[in-house]
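Take a look at these structures.
Heads up, the next two complexes both have chain A, just with different partners, chain B and then chain C.
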Partner chain A sequence: MLRFALHTLRLSGLCFLVACLLGRPVIAQVPAPDEETYRIAKQLNCPTCAGRNLADCPTETCAQWKAEIKAQLDTGKSAQEVLDYFQARFGPTVLQEPPKAGVTAPLWAAPVGAALIFLLAAGAAMWRASHRGESANVAAADAAEDPFVAALEAEVRRDG
Partner chain B sequence: MFTDLGHLAVIFAFAACLYAAVVSPIGAWRNDDRLVQSGRSAALMTFPLILIGSLGLWYALLTHDFGVQYVASVSSLATPVFFRITALWGSQNGSILFWCLIMSAFVAAAMLRDWDAAGDKPLLPYVTMTMALVLGFFLFLQLFLANAFVRYDFPPQDGRGLNPLLRHPGMIIHPPMLYAGYTGLLVPFAFCVASLITRRSDDLWLRSSRRWTLVGWAFLTAGLLLGGRWAHDVLGWGGYWGWDPSENKPLITWLIATPFLHSAMIQEKRGMFKNWNVFLMMLTFASMFFGTAFIRSGLLTSVHAFAASDIGPYFMGAMVVILTACAALWLTRLDVLRSENKLDSVFSREGIFLIQNVLFLSTAFTVFIGTIFPILSEAIGGTKITVGPPFFDQTAGPQMAALVALMGVAPLLAWGKSNGAAVGRQMLAPLIFAVAVMIALFAAGATQPVPLLLFGLCAYTLAQTVMEYVRGARARMRSMNESAPVALVRLAQKHQRRYGGYLVHIGVVLMAIGVIGKGFYGYDTITTPAVKLNESFTVGDYTFTYRGIRPVPCEFNDCQTIQAMLLVTSANDGRVLGAVFPHRDHYPVQQHTATIPAISGTFNTEVYVLLAAWEDGGATASFQVFINPLINWIWVGGIVMILGFVVCFWKAPEREAVASPAAARRVVGAGAPAR
Partner chain C sequence: MSGKPLIVAGILLGIVAIAGVFAIALNLVSQQGARPKPGSPAPDFTLTLYPGYRAGLPEQIRLSDLRGKVVVMNFWASWCVECYKEADALEAVYRKYKDRGVIFLGIDYLDTEAPALAYLKQYDVTYPNGLDVQQRIARAYRITGVPETFFIDRNGVVREVTIAPLTEAQLIAKIEALLAE
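For the complex of A and B:
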């Protein structure tokens, strides 16, 4: 475990490093990559490799899709318009983030609903539990298990 | 020959399971201890038998016995010894055998405990029965559906070799860890079932299986972490977590087992929420079957599904049987699971534990629904709708943040009832610390509101947890006249579960810091256009200069490795920071190419470089760069979590002598009103 965490810097060929350092860095900069196409592709699903996004996928079809994004951007469309185009053509399946309306609305509602229902149920359970059974002397139970913990609890939590 | 002997041993192990499952309950029913002990011995024997089976398969792997179909499918003449050993769990059939081996080790260990001394002998026959039934199911799969010992009529000359993706230390340890996590949780499940069958109302099953639960939980945690590390190092996504079904599956189990560890304490301390604990335990166990059923059936496509096959329906069937049996058992025992005590206040440790429990469950449900939505949408609407990481980030993320906040409040609350003013006073110092951290971060340029708030939350919880140690150590220093370090060590020794647990909390917060850093400040580039030799490109604060590619010897001589060389300099002042060597490994036999990142940078900022392509023998090449801030905090946090587990688990002899708190509660608690 420790080994994985610690090897943040990996130098495999020391000789090569020296060669690197001796060579003069060249100023020529490569033109900036097409950032916008990439950002849009990141939000679309790859049509061929399941579970990956379009940007990370190297297949031929994906290259065509990326070219399509680029072409649409060049005609002056906004990022959202390009995404809308893909959604209109291939359905909500194409988006990495399913839309919050339409068929995928229940998907988004489910976690919120579950959290609310669970919390309500917990509230109801607590209400019931507070109206049933006997009260017990918790401090005494704590003390029986461990006098030190009980003393600590009493000192830092209850007085005041 | 030896391999066939192994096959025979596994058949015997299956028979021993059936025998133990039948004889134990009969012994209990007839009150015949000899039958119970006979069942116990049979269950104990499964471990040596399955070990012989595994040794048989290992023997075949080590001696290149390609007559065995499994051996030919996961190894070749070129596969080195180390990977021939780990190939035992390199593919489905072998991995089920290996799963059985680990599970039987837990079964044997449980059978070997001193049942008379522990005072839980009435549970023994039903613990044996439950374990034997579950282990028997997996042995059934192994023998009849995914037999690793089947031979070819005409053995091939050479095998296909191990999947190249699986040749990472993380991947070699990750499956055994996950298996140990899952199978370790079989022990508390068996105790739970036995407790229900014998209609017990006390917390015996919780106390008897507590340490086993911890072991299972710790292995599951370690398995998840190693899986993340493996994805980070080998898959070349730049990340550590992709919300892939096979990652979500153990996560869901973890998200149910963790609240169980907490709510078990409510029952032990206060005799409350007994139903709830039974429910959580059963859900934990069912989640394991559920996940395996879906992934192994190929219903869910996963980027690393190595084991899709036709055993899915059997898992599904087993899950239905288990769920039905559990539900029936539970519903007929509701009357014995009444709460012994009344909840005095929501503003108490048990109240906040319950809130934490339901938040964990709703998080688990969120991950679950996102994972199975593709299947649901296909079944209902006819189209398989993919759910990408943004869904999980936006839904599970806030719930996890709320859980981090609860960790900062729960330790302040007392069992029974809490004093609001005292709690408020103790929150003050950590809150001031959190605000100071936020101001410092803002001044340093972290101006996005959401991550700033989240970092503040982490700072608060971290400070509050550290304060717990300070308060405890101070109390000891005063009452026992100890020096600070001695007080701290004694404190942890005497109250392992409490302070080990807080150490786990610290680990979780450190990990959260890493997740927030990578999630909000992580940066990745599009694959660069072809970079010519000695040309540079800049990403963030880093300038990379391409120095060419070269073939390098492959680690195990079964692949062709091309390594690129890049000089890294600071984009700000031109200082040379080092060199990175991303490479691509092509495996001709498996027709697979692995893109292995070069990982560099500082502790706080990781630079992750991939070699995307090259042309004309390296005259040009293109790269993809990820800048991953704070990602290393995740691994450090994980190590701290495991250390916390070690503190919890380390056996302190004097603790064993203490009488059960439930018994104490019954003696001293009668009639006395709560303060």
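For the complex of A and C:
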């Protein structure tokens, strides 16, 4: 009886697992075209107002650009192909995050380089400081073990 | 060498690196140069014309190839409300002067193709028009918006810049002055 109950429980668990895997909402995995348009527009700049995102900009220019994104998606282009189209037509500054290459590459590399130089210098300074401390301790220990120094110290203590 | 000078050297190097970043950024901004003033040579460029808007010219034209003709160069965009106001005047004056050694060039700025072609069709534009790819021409002429119109004489020199919609009378007056030279 117990074995039957355990078997039924195992079977139920297996069925539940299969139902969970097969029954996942498929629609949620495929974004609707407008969501995709918005997602791509979020990666582009408004061409006429500085620093504004295309997706959130209400101007006529941006409305046209968003319509262009949707039209291209409708023809089957991928998001990357749409972004490439805008970059080729309007230049890399149209992207919210311009490519880290070409003349702007040093702008991305310089802060990292500066941080690395600082860390290296700080590390070297700390290593030197600790090394100097070690050397001083070793010198003190050597002095303590020297019989001449020990005799001298004993003499000083006696006289004192 | 103690640790303190090393830290100072690191900080200094960091400052130099940050200054370098600013120098590059400033250089990028200044690359645009100044707007060509009247009397200065018109910066040369190549423009790829829209199909159906070549008016007998090749697909790609260079401004320097038009030397010997008066060039009216108009920056516009289909999203530009002010551009609508001068569209009819530009076309009318182009038709009036096209056989008298005057070339009109429409430079489409920050536009997508479908609305741009719809705009040209709507205003029955027939003079040469093309997209300013990556805003190279706009940067060379340092425009601040649209519409802007540059009048270039037969020697390839910028003679006048108008930053507003033009009327037929204004266009005719400026072209006649250049033709009279």
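Just so we're on the same page, the second predicted complex is superposed on the first by the 90 of 160 C-alpha atoms of A that agree within 3 Å, B and C clash if a C-alpha of one lies under 4 Å from a C-alpha of the other, contacts with A are read in each partner's own complex, and residues count from 1 in each chain.
The criterion applied here is as follows: a residue touches a chain if its C-beta (ideal position, glycine included) is under 8 Å from a C-beta of that chain, and two chains touch if they have at least 3 such contacts.
Here the structure is a predicted model, which means the values were calculated and not measured.
S.K.: Is A:Q64 touching the first partner chain B, the second partner chain C, both, or neither of them?
M.R.: second
S.K.: Is A:P111 contacted by the first partner chain B, the second partner chain C, both or neither?
M.R.: Touch partners of A:P111: chain B and chain C.
S.K.: After superposition on the shared chain, which partner residues are touched by A:R89: those of chain B (first), chain C (second), both, or neither?
M.R.: After superposing on A, A:R89 lies in contact with chain C but is clear of chain B.
S.K.: Identify the partner contact of A:P47: answer first if only chain B is touched, second if only chain C is, both if each is, neither if none is.
M.R.: So A:P47 only meets chain C here.
S.K.: For chain A, which side has the bigger count of touched residues, chain B or chain C?
M.R.: With both complexes superposed on chain A, more residues of chain A are touched by B.
S.K.: In the overlaid three-chain picture, which partner chain does A:A55 touch, first (chain B) or second (chain C), both, or neither?
M.R.: The first partner, chain B, only.
S.K.: With both complexes overlaid on chain A, does A:A124 touch chain B (first), chain C (second), both or neither?
M.R.: The answer is second: A:A124 touches chain C but not chain B.
S.K.: Touching chain B in one complex and chain C in the other: list those residues of chain A.
M.R.: Dual-contact residues (chain A): 91, 103-104, 107, 110-111, 114-115, 118, 121-122, 125-126, 129.
S.K.: Please give the residue numbers of chain C that touch chain A in the complex, ascending.
M.R.: Touching chain A from chain C are residues 1-4, 6-7, 9-11, 13-14, 17-18, 20-21, 24-25, 28, 77-79, 81, 110-112, 114-115, 131, 133-135.
S.K.: How about chain A: which of its residues touch chain B in the complex?
M.R.: Residue positions touching the partner: 1-2, 4-5, 7-13, 16-17, 19-21, 23, 25-31, 33-35, 37-38, 43, 45, 49-53, 55-56, 91-93, 95-98, 103-104, 107-108, 110-112, 114-115, 118-119, 121-122, 125-126, 129-146, 148-149, 151-153, 155-160.
S.K.: Where on chain B does chain A make contact in their complex?
M.R.: Those residues of chain B that touch chain A are 169-170, 222, 225-226, 229, 233, 237, 242, 244, 269-273, 276, 301-303, 338-346, 351, 354-355, 357-359, 361-362, 365-366, 369-370, 373, 377, 381, 383-391, 394-396, 399, 412-416, 418-419, 421-423, 425-426, 471-472, 475-476, 479, 494-495, 498, 525-529, 531-532, 534-538, 543, 545, 547, 565, 567, 569, 574, 576, 578-581, 598-603, 606, 632, 635-636, 638-639, 642, 658-659, 661, 664-665, 667-669, 672-675.
S.K.: Note which residues of chain A are touching chain C in the complex, please.
M.R.: Residue list for chain A touching chain C: 47-48, 59-61, 64-65, 67-68, 71, 88-91, 103-104, 106-107, 110-111, 113-115, 117-118, 120-122, 124-126, 128-129.
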